[in-house]
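A, B, C and D label the chains in the order they appear, each numbered from 1.
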Amino acid sequence: MERLLRKCQIRNQLVRECMAECLGVYILMLFGCGSVAQVTTTEEKKGQYLSINLGFALGVTFGVFVSRGVSGAHLNPAVSLSLCVLGRHPWIKLPFYVFFQVLGAFLAAATVGLQYYDAIWLYSGGKLTVTGPTATAGIFSTYPADYLSLWGGIVDQVIGTAALLLCVLALGDQRNGSLPDGLQPVLVGAVVLVIGVSMGSNSGYALNPARDFGPRLFTYVAGWGVDVFKAGGGWWWVPIVAPCIGALLGTLIYELMIEVHHPVHHPVHHPSHLSELQASCQRATEGKTVLQLKGCTSRL
Amino acid sequence: MERLLRKCQIRNQLVRECMAECLGVYILMLFGCGSVAQVTTTEEKKGQYLSINLGFALGVTFGVFVSRGVSGAHLNPAVSLSLCVLGRHPWIKLPFYVFFQVLGAFLAAATVGLQYYDAIWLYSGGKLTVTGPTATAGIFSTYPADYLSLWGGIVDQVIGTAALLLCVLALGDQRNGSLPDGLQPVLVGAVVLVIGVSMGSNSGYALNPARDFGPRLFTYVAGWGVDVFKAGGGWWWVPIVAPCIGALLGTLIYELMIEVHHPVHHPVHHPSHLSELQASCQRATEGKTVLQLKGCTSRL
Amino acid sequence: MERLLRKCQIRNQLVRECMAECLGVYILMLFGCGSVAQVTTTEEKKGQYLSINLGFALGVTFGVFVSRGVSGAHLNPAVSLSLCVLGRHPWIKLPFYVFFQVLGAFLAAATVGLQYYDAIWLYSGGKLTVTGPTATAGIFSTYPADYLSLWGGIVDQVIGTAALLLCVLALGDQRNGSLPDGLQPVLVGAVVLVIGVSMGSNSGYALNPARDFGPRLFTYVAGWGVDVFKAGGGWWWVPIVAPCIGALLGTLIYELMIEVHHPVHHPVHHPSHLSELQASCQRATEGKTVLQLKGCTSRL
Amino acid sequence: MERLLRKCQIRNQLVRECMAECLGVYILMLFGCGSVAQVTTTEEKKGQYLSINLGFALGVTFGVFVSRGVSGAHLNPAVSLSLCVLGRHPWIKLPFYVFFQVLGAFLAAATVGLQYYDAIWLYSGGKLTVTGPTATAGIFSTYPADYLSLWGGIVDQVIGTAALLLCVLALGDQRNGSLPDGLQPVLVGAVVLVIGVSMGSNSGYALNPARDFGPRLFTYVAGWGVDVFKAGGGWWWVPIVAPCIGALLGTLIYELMIEVHHPVHHPVHHPSHLSELQASCQRATEGKTVLQLKGCTSRL
């Protein structure tokens, strides 16, 4: 069996990263949209708004766990864009990442549509609508609250995504304090939880162009029709553009207020040596915290 | 006292593993079914659907904690099957594992039946029914929602269990990122939480043949009668067969999209030496992170 | 300031342990009873049953954090008893531990009574009653549900405390898998959370003689009168006796099914040396994971 | 880009610390007030009291993550004051910290006001009131329940903040048990969660002069007017004064019952050497647990 599987091995790094991003966003949206479907079709009998917040939060957590070792687990075009701007990710990979993130979200929406087919049919009386009392398009992508102005919606998404990037950059900033390796995906999920709890009611905290556009395409294709683009005064482009602006804003704030001011460190003697050791340790050990013996070897 | 206990020591590895699986599933189902019993018999006054999700999630977490060092904490025939197929568990042990998993679930259901005897009696008016307004069979095993077609139910269980395996395999895949030792049971519980939050309303997210069949046997024996097999159009076999298919599907997806593509590593020099050291450290230290001194000793 | 504080230093180990147990149970009950008071006096407007579960769970977590380094954080006479029986705690200390655990719970109940004085006064119309629609004695200690028989209550408390001990012993069993040092208090809290979610509705999951008797004494003294001992058919002794039986039962099950069967290990060469090193490291480092250099020194 | 950013580097330590405190409190209050705004303006349709508890808890967690490496993440004048009294923070920095903490809270309140502008307008009918059925001032700062006496309010805030400091000091007390580096911010958030769950209904658990006064200033300026200082019988000074008293009380209790009694340790040989090593390791490694090689080098 293992030999059979090994025959399928792909060595191209970019292909591997694209598959990881696709599967990561798939997991994120499978749990995220699934939780909205459960709350919507049971009319809050089997879950409430908090369980939707949990669905997206843990969706992000396990999306990161699935892909972190291969692609770095961006799972969000706005995150990929920010990392490119910061020079931490090559621009050339950006379109590939974005495409596979959208694809993952599309496939997840299709899976949720399949899994909740009977439930959606019953709840909506067989009519797939975008607005009205039994609207079901909101299971898949976000729509603004009735009271929200266009500018209000843009501000909402910009602030939300800025907060997301601020926290995620802080979690990854080693000079601002270390983090056990396996805790980072949990905490990124917790950021999404708290944003859902505090910034979710205006327009459903998309924060992520792929998370919103992929499922919207699915609903367009699957029977909800062109209304998914018309509803909310042509809302569909806001969760694509505003998160990108917000992500850059949040990145800028964190960099200018915290990260650039960390004292410049003159790297100690054997950093490359160290990371080599570290890498070999990691390969050789299974399921144990890896130790790096810096001082030891350099002093011998 | 300790001397007395030591006289009971069993050295047979398989017996120990079976006891661990049995106790692990027992803990899982004690908390899981208990939470359903609490929500059902108090008519949601002392808990809601979310507390059922928490009951099963933390049930899994502590079921894993109880058994992980002895049997590896499968706690689910579908998981055992997948590991056998992947060549990570001997086929010969499979029937033993499955039997004791089912036994643990049966005993837990009996314990919950005992603990909630008065409450169930009051709630059901002394009539143990499988369907109807005061049905109580759902405390123990899963039944599909009225609207769910048979195919819909199978799809639901296949997708749910595939998602479970996808995430669990990612958590255990060292080359996709390390995990502190004690965090893994918590995160496996979190997978079950998010599945309950996003895929629970169609048919109660069994995901586990033992979790469903053991308690169903208990209800059959304890007074609910043959209806437990007839209800939902003969639903009982779906949570046995579909999770096995789903587990294999999820395993295949994770292997083909992520794990087989990890770069092949040529093991560094002293891996066996290392794991020996590691093992001796583990025995000698109590409650501390274990360190492996690769570079140090090899350079001396 | 620091010099002033140091003058108050007490060197007697038992006194220190008793203060730690007292403060630990105080924290546990301050948060635990506080959450019941909040839910009761706001008539579920600011919290529901789940928030009571969270209150006791996190109460336990921080009670353990406050006392773990000094007394080992038993916080429960039934736990102390089990550890004595297992030979892991000296019998001579048992009565001291129990007394200060009860004292801590009493003081916490008094603090909650003070903090919620106005709210209880308003809610109860100035009448401190044990039963009836505006009963407030349940804020402090547990009372059985109306439907519960005496035997049902005993069984409920025995099963609950057995489950508690089973999980807590598994968390502490190094040979069943290691645990990062700071995670243990969180997971002990999670055990209490899941018990509250799955075994709380019958009689309020006391699980702990001190948790129940200390506050009951407070209510007796503070104006609820002798009814606190009469209510529930003289219920008061059940949460004292049954948890002790349950704790012993849970201990026995875990020992007989898991712990005694761990392979006997011949301790490696330098364990005392190691733990000495480990201890000195721990003193010398602040906030960092401590490393033990077994192989390194022994090979030099 | 990176070069551009580096030009903005500020080397002054105090300025960096003030920016970190400001941004930390900003994050805390952005999520905290945001969650109240969401629950209030949706009339509990998208969140309940528990989600407010989560908003403030995770707000604290990520506020700590953002600032811990730079300023130590006080985020609360009462905490800064306690650390000054304990001699762990220089008095000279206190006014700067307090000012920037209040500023951060003010700016966060303004941001929430902007983000929820449309929602608040709709909910309040365009009338920004402090009391009454559609009052919205409570989104930003705390007001006492109607039944609460002034003394009751003071006692409530003193007990709450004392509990906060007790737990936070225990988490940071290395001699009472170690804690993985990245877990501390999560647990400080959990303390705030449990206080919200158990001590929130009387007066909204401010616990923090900056958290309350900054947003109150914002509401005063932004259109709620002088009522924000008059309401609740001139309540505004209580969440400033009482938390400071409570923090000192909690500090005193923890010191006198636990910390001063830890055995005095004669520091082992190379502590300064060790921390130097530790620091250089931390700079050189990325995302890995740092190891300190005490015994190794000292024995060579």
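One rule holds for everything that comes next: a residue touches a chain if its C-beta (ideal position, glycine included) is under 8 Å from a C-beta of that chain, and two chains touch if they have at least 3 such contacts.
By chain, with names taken from UniProt: A, B, C, D = Aquaporin-10b.
Note that the structure is a prediction, hence the values are computed from the model and not measured.
Colleague: Specify the chain most distant from chain B (Aquaporin-10b) by Cα centroid.
Modeller: Farthest chain from chain B (Aquaporin-10b), going by C-alpha centroids: D.
Colleague: How would you label the chain C (Aquaporin-10b) and chain D (Aquaporin-10b) contact, same or different, if same means the shared numbers make up over half of all numbers there?
Modeller: Chain C (Aquaporin-10b) vs chain D (Aquaporin-10b): different; shared/all numbers falls short of half.
Colleague: I'd like to verify one number: the distance from the centre of chain B (Aquaporin-10b) to the centre of chain D (Aquaporin-10b), where each centre is the average of its C-alpha atoms, in whole angstrom.
Modeller: The computed centroid separation for chain B (Aquaporin-10b) versus chain D (Aquaporin-10b) comes out at 39 Å.
Colleague: Starting from the mean Cα coordinates of chain B (Aquaporin-10b) and chain C (Aquaporin-10b), work out the distance between those two points in Å.
Modeller: Comparing mean C-alpha positions, chain C (Aquaporin-10b) is 27 Å from chain B (Aquaporin-10b).
Colleague: So which stretches of chain A (Aquaporin-10b) touch two or more other chains?
Modeller: Those would be 48, 50, 180-181, 183, 289-291, 293, 296, 300.
Colleague: Taking the complex as given, what residues does chain A (Aquaporin-10b) use to touch chain D (Aquaporin-10b)?
Modeller: On the chain A (Aquaporin-10b) side, the touching residues are 48-50, 53, 85-87, 145, 147-149, 152, 155-156, 159, 163, 166-167, 170-171, 173-181, 183, 187, 190-191, 193-195, 197-202, 253-265, 267-268, 270-271, 274-275, 278, 289-296, 299-300.
Colleague: Going by the contact rule at the top, pick out the chain B (Aquaporin-10b) residues touching chain C (Aquaporin-10b) in the complex.
Modeller: For this pair, the touching residues of chain B (Aquaporin-10b) are 1-2, 5-6, 8-11, 16, 19-20, 22-23, 27, 30-35, 37-38, 41-42, 45-48, 50-51, 54-55, 58-59, 61-62, 65-70, 111, 114-119, 121-122, 180-183, 186, 277, 280-291, 293, 296-297, 300.
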